[in-house]
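The block underneath contains the structure these notes are about, expressed in structure tokens.
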Amino acid sequence: MPVESRALALQTRKEGELVDITGKVEAAIQAGKIENGVAFLFVPGSTGALTTIEYEPGLAVDFPKALEKLVPAKGSYEHEERWHDGNGHSHVKASLLGPDLFVPFQKKKLMLGTWQQVVFVEMDVRPRSRTVIIQVIGE
Amino acid sequence: MPVESRALALQTRKEGELVDITGKVEAAIQAGKIENGVAFLFVPGSTGALTTIEYEPGLAVDFPKALEKLVPAKGSYEHEERWHDGNGHSHVKASLLGPDLFVPFQKKKLMLGTWQQVVFVEMDVRPRSRTVIIQVIGE
Amino acid sequence: MPVESRALALQTRKEGELVDITGKVEAAIQAGKIENGVAFLFVPGSTGALTTIEYEPGLAVDFPKALEKLVPAKGSYEHEERWHDGNGHSHVKASLLGPDLFVPFQKKKLMLGTWQQVVFVEMDVRPRSRTVIIQVIGE
């Protein structure tokens, strides 16, 4: 039972953007030899995160709006006092949501719900070129 | 080293309900051949989530109450404008908490703390029949 | 493909402390035989959690401060009514953040971002001796 290592590249445009990567994750599994197992997704960076959501235009507004309410950009952050890069709140939001997500699959098909997609959540205050690491483990 | 795929079925009654699935997860591991490894649990759906908690009557009130305070049902959600199913906040809470949880085990015993249980958290606004997928990987 | 089971011991001093365990996790992988895979970290306990963050003095203040704002120690918790141990909010924060975190690695090196560290987050109201379980799976 091998480990298959892959990486997805994506370009984000702005803070709060949700990028639906479901198709890319499935393509990565399809391209491999493992039929049944788990896909482990990880963001190597401290201002992006992963989760699942019903990817539709309403929630694409609601979810980042809720995160902004919980951890406001206009709050006071020690990170700002030291680094002045304007993204103290981005770090806090990303650590709250987490950089890791796994999705099980069978017969090379992700076992997601009917209205459930895998999304990368951009938390940083500027467009970023992002990589999502995928380690596939199974048989 | 094989992968063992299982599914737990459960019935929830209302939003904010915590369902202790620790015993069912342990039973699934006991029923398999893998002695040492990790149990990967996943909710195929976008209004339920998994975490661990000290499962006792106080926290069974406190945890959903805190989630409601963070993401109020009475807030304004674009999801509602489009779909009118009354559960925009449910989606946001579920994406915040996340659909995936893993628990390591040794000698077929979950390596949980003494006062730590595995719970499914119902976020939807009505009773639901739920499935939790378990992929067990180990040796 | 074996599973390597390890445990990290650490001592915390106070609520809200972030303990950078990146070096210890890398040492655990270095000490093993698995070259390529995933390290699965788990807190056996209900008042501690794991995440990644840019570990620097500013965010070491900002992150616990944000958690305190979201789930205030001075709030009203049913857990307190029953157990009087002063840590109802600690449990809620820990369940929100979650006890599990995985990090992929290649050639025995964690695939973290340049400014991304693995941290244990102490949520309890007193110093604790903590264990973090590591299950390493790969090839």
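Read from first to last, the chains carry the letters A, B and C; within each, the first residue is number 1.
Basically, a contact is a pair of C-beta atoms (placed from the backbone, for glycine too) under 8 Å apart; a residue touches a chain by one contact, two chains touch by 3 or more.
Just so you know, these numbers come straight off a predicted model, no measurement behind them.
S.K.: Determine how many degrees of rotation, between 0 and 180 and to the nearest 5, align the Cα atoms of chain A with the equivalent atoms in chain B.
M.R.: 120
S.K.: Any idea if chain B and chain C meet via the same residues, over half in common, or different ones?
M.R.: Under half shared, hence different.
S.K.: How many angstrom between the C-alpha centroids of chain C and chain B?
M.R.: Measuring from centre to centre gives 20 Å for this pair.
S.K.: Could you say which residues in chain A touch two or more other chains, in rising order?
M.R.: Residues 1, 70, 96, 98, 102, 137 of chain A touch two or more partner chains.
S.K.: If we count contacts the way the header does, which residues on chain C are in touch with chain A in the complex?
M.R.: Its residues touching chain A are 1, 36-38, 51-54, 56-59, 61-63, 66-67, 70, 96-98, 101-104, 106, 111-113, 115-116, 137-139.
S.K.: Of all residues in chain A, which touch chain C in the complex?
M.R.: 1-3, 5, 40, 42-46, 70-71, 75, 77-83, 88, 91-92, 94-96, 98-100, 102, 133, 135, 137
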